[in-house]
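So that you can tell them apart, the chains are marked A, B, C and D in the order they are listed, and the count of residues begins at 1 in each.
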Amino acid sequence: MHFASDNSGPVHPAIVEALVRVNEGHAMPYGADAATADAVARIRDLFEAPEAAVHLVATGTAANALLLATMCAPWQTIFCADIAHVAMDECGAPEFFTGGAKLSLVPTEHGLMTPDALETRIAAAAQGVVHSVQRGPVTITSVTECGTVYSPDALRDLTGVAQAHGCAVHLDGARLANAAAALGCSPADMTWKAGVDAVSFGGTKNGLMGAEAAIIFDPALAWQFELRRKRGGHLFSKHRYLGAQMAAYLTDDLWLTMAGSANRAAARLAQAIADLPDARLLHPCQANMVFAEWPRAAHRRALAAGAAYYPAGSLDGPDDEPVAARMVCDWSASDADTDRFVALLRG
Amino acid sequence: MHFASDNSGPVHPAIVEALVRVNEGHAMPYGADAATADAVARIRDLFEAPEAAVHLVATGTAANALLLATMCAPWQTIFCADIAHVAMDECGAPEFFTGGAKLSLVPTEHGLMTPDALETRIAAAAQGVVHSVQRGPVTITSVTECGTVYSPDALRDLTGVAQAHGCAVHLDGARLANAAAALGCSPADMTWKAGVDAVSFGGTKNGLMGAEAAIIFDPALAWQFELRRKRGGHLFSKHRYLGAQMAAYLTDDLWLTMAGSANRAAARLAQAIADLPDARLLHPCQANMVFAEWPRAAHRRALAAGAAYYPAGSLDGPDDEPVAARMVCDWSASDADTDRFVALLRG
Amino acid sequence: MHFASDNSGPVHPAIVEALVRVNEGHAMPYGADAATADAVARIRDLFEAPEAAVHLVATGTAANALLLATMCAPWQTIFCADIAHVAMDECGAPEFFTGGAKLSLVPTEHGLMTPDALETRIAAAAQGVVHSVQRGPVTITSVTECGTVYSPDALRDLTGVAQAHGCAVHLDGARLANAAAALGCSPADMTWKAGVDAVSFGGTKNGLMGAEAAIIFDPALAWQFELRRKRGGHLFSKHRYLGAQMAAYLTDDLWLTMAGSANRAAARLAQAIADLPDARLLHPCQANMVFAEWPRAAHRRALAAGAAYYPAGSLDGPDDEPVAARMVCDWSASDADTDRFVALLRG
Amino acid sequence: MHFASDNSGPVHPAIVEALVRVNEGHAMPYGADAATADAVARIRDLFEAPEAAVHLVATGTAANALLLATMCAPWQTIFCADIAHVAMDECGAPEFFTGGAKLSLVPTEHGLMTPDALETRIAAAAQGVVHSVQRGPVTITSVTECGTVYSPDALRDLTGVAQAHGCAVHLDGARLANAAAALGCSPADMTWKAGVDAVSFGGTKNGLMGAEAAIIFDPALAWQFELRRKRGGHLFSKHRYLGAQMAAYLTDDLWLTMAGSANRAAARLAQAIADLPDARLLHPCQANMVFAEWPRAAHRRALAAGAAYYPAGSLDGPDDEPVAARMVCDWSASDADTDRFVALLRG
């Protein structure tokens, strides 16, 4: 009954096997190995972007911060959702890596920015006036922090706003696999074909040990990115283990299979919770996250029985008062766990 | 015949087994897991420092830069060897993480700073004058970049100089295991007992996949370090895999066993090269690195036959002119490889 | 008819005389001169803070950014009004000088933060959780960007909120003289006695050529500030000219006299505008700034006749539609100018 | 008898008059005033660079650091003389403004870099290898910190080395007026015609109150410079007083006249010292600085009698041991002072 995060799940056995397989003899360090070359080629294939600059790092924060720093001058502001991971959960990594850029928060509904809200926020940022920071890139998260997903059309509406203001677009795709599984879209459809210039393509939350791809569709930025990565301490010496993870992830659609499993588990959980008499969903469940609230007493029961997740409020208080919670399913989530968990909630 | 770097070697099977073992079910992310707790406890035991702040990161550059940033104000200068990894091979990571500190280079002999050279360099740095950057920490590397090792006494002489000037001391111990194996000293003897305040304790070059411990003996700096690590994108979500590597590394003295193997392989290689009629060692071989020179023709033969290492000069030129090279042995180096390599050099 | 800004006014003749007077022979540079010593002593007297660290710089942005950087770690967030100069008009100087801190915006009414709004914003900032930036200083502006003024009691209510959360307090007093003239309070009452830890005490907007005092009531921070000032390029070599300005400013209450003149001019202008049939004030006029709106046609008349001020909206549009404007009076504002301006507005 | 620095001298009366003259009524702030426009036009004329980006700041450190930051990526290294002001006397300002670039020190003779020494240093900096910082701009100081001057030919030799490596060139011309007076060369000959891309053109050390021009010959960098200047707190609101200083400086060759006076005073002082039986010059006196050594007893006499300058060694020790000193003459230096000073040295 572990719903705390998709990053608390195990590594998929096929990934472990790939790590064992690549662990033969010596290999040149710092990315000059065959597994990394294979991973890069597979990402370019998957994204239908044969020229893209593709680099691997081990954390999503590194991918986001390095990409944003490559796209944003220190005197610019990054436009992002008011609940974006880059704004709320990275301890100021974008500010650190950019050399002191600002983040301008765009209001969201169920985690989604609307084109109007983005337009309003960008228009409110002075441009061409020296007293103010200048307009920098827009970063969009999909799957959002509320578990919702932008369709390619919705993405294009947002990137159109950005482009009209000359702003480049970054996609925080820590859960892009889950979005792809939910939408049945290709990565290209959800990125460069929809106006995205750079992507953090996540693997860690979806069955890898720790590997993310930073993809820039304009290869001219590759060298700058590499220097920033090294300088940030994010260039791995034993790089083959990053490469092997990512290559295996993209073999036989494992990335999509795992994301699909996680999504289905979340859908099942969401439906079961929605069916509870005292519970209600707070956001539509479109990928692998469930946001819901139910009475405090049921939280106490579930947590006491060992369920792992984060309630949004205190466990002290009236029994029947609703308390919200976030639950995330990873590729390994089991129906049995879900059923046991929902049974506890039902009481 | 792979001597390019110890980071081109494979991960030790016991480490792989530990990764497989820890890959069971779910675990809390960001270091709140049992494997990380085990690793931290083992490091504190090994260093005889029950209160030390211990954090894991995946690269040596991250460990060094985060520790130095924790110890050094932006307006200070870091004193280091003129060939130090932090100065030459980290693309300015210390400058980036500190917010623009300087590095002041101390001349070395066979990679070693002498107390006099350090004293001279520190004394030359103005202190208390606003026009100049101020004196910051001293960082010492052992095993040095020339493959030599500081004895505890030699370390104490250096840290004594630092302390006399009020400078804290960092030890870049990317190959500290090799130094310990060479000296037969305990980690405590080579660190806090010798006046060291913080250590980058390496694992990646010595059989791990990617795990280093950043150790600060003053636990008051722990929280600052954690915030810097997160902000730098170096806090792993699936942290158990770092923890498991480090815990296994410190089980049954695996760290020391692997370092000893590497050192013995290097000693054997060094001796064989020294015995060649046209070759000579450039630095004493005290750990797992060999620096030597021999005629260009022999380089051509060895490299053509598939030997992997970095010659320091061009392969174009007179056959019998000596050209230098660095060779590094990792835990997996085999006598057969060495013999084959030396036979090629002999011609 | 110049109301664009108080920084477009001339330097007071007494200040020019002081500059001429100090321009005799040689003087030691970088602040080791008699005029600077005199200025520092006068500021300590004025603020009743004999130990305070007092440093002069030439711009308000420098004073604010250097003080905030001295008070705020890179991984913290600064709490400020949503229209604060530091947030809107300094092109990210606080982010640059702090090394990438965030600014958290507090909603305001007529430019004033309420204790509740500040409490809500601070409480919403996670503390003690590594994923989020930590709580840093609160910065308060008085006179606010809307021309309103905090009473000492109002200030104390705000600083009480800050202190309850362990946040230090900075006061952006670019127009502190105007606030003092408006309230009849001593600088001490409006600063440390009200819980303020550091102050940017402005002179440039109030008749100086370019001189601001950065005051820190805890002298232990003096040396860090000096190094930051130098490193920021803000330590003047010919420092006596900063010292002479500030010393003359604080002689015979010139600072207060000039601020009083500016405030009276603004009050007169505000009253005259309020008396116009089609105009209305947008904020109470409490110091030397007037915010009002009146029909577009009157804007066109005034600007065509040479009035200098910034309308907040376009001059294209219906004649009778109200358009807002900001007007600022400096020490040299004349009744004649005001009368002529208001006559133009009346039509 | 004040030889401590040219920045301890007074402001020239013509500059004071210009400040008084510009102090009439109101003027638009932040550089949108007539005096600034006049100054910019005069600089473009003087440098025969009608398109150049010209901006004024108040300190030499600001001019240097802002220009270098505009020319240098954070992951690059700046090549400079081992005694350069940017390296020794700016408390790390270049590192701060660039976001953590390095400085690579080039050995000098009498303060001058030779083309060979520069070539050697640049060639030693790895390029195109991700582990190392990359080659950034070269900065040259003339008048050097030893009082020597590069001829246009010598400059061209250095900039030729820089250009061959793709490095842009900055000239720290804090005393460029003195160099021009010494060489009889035009500013264009000493800058862009000799391969210089950007210049810090000093005024403060040469009779201004505090005004320097930052000149970039490629106007495409203007906007970036402006944003950096604002963000650095270096955009003056009452900008007309910077403009008026610089405009008056460039009227009727005042800049050259003052520099000529200072140079002649230094030449006279140097000759008189060289004529002393126990003294000797340490560097050729080519502009307005004198470096010499003479017996300690004579230092004691001069300093006791009120001479102001910085001896390089302690006053405690044997009477007849030579102790070095730096003396700088400003535009206001008088023959009488020099004679009195030399008489004291003679004893």
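Convention: a contact is a pair of C-beta atoms (placed from the backbone, for glycine too) under 8 Å apart; a residue touches a chain by one contact, two chains touch by 3 or more.
The chain lineup, named per UniProt: A, B, C, D = Low specificity L-threonine aldolase.
Since this is a predicted model, take the numbers as computed values, not measurements.
Common neighbours of chain A and chain D, listed by label, are B, C. Looking at chain A and chain B, the chains in contact with each of them are C, D. Remark: chain C and chain D have CA centroids separated by 34 Å (rounded to whole angstrom). The centroid of the Cα atoms in chain B and the matching centroid in chain C are 51 Å apart. Averaging C-alpha coordinates per chain places the centre of chain B 42 Å away from that of chain D. Counting partner chains per residue, chain A has residues 74-75, 90-92, 96, 99, 130-131, 227, 230-231, 235 touching two or more of them.
Chain C makes touch with chain A in their complex at residues 74-75, 88-92, 95-96, 98-103, 130-133.
Of all residues in chain C, those touching chain D in their complex are 2, 4-5, 7-11, 16, 19-20, 23-29, 57-62, 64-66, 90-93, 96-97, 204-205, 209-210, 227, 230-238, 241, 308, 330, 332.
Listed in rising order, the residues of chain B touching chain C in the complex are 30, 73-75, 99, 130-131, 134, 224, 226-228, 230-231, 235.
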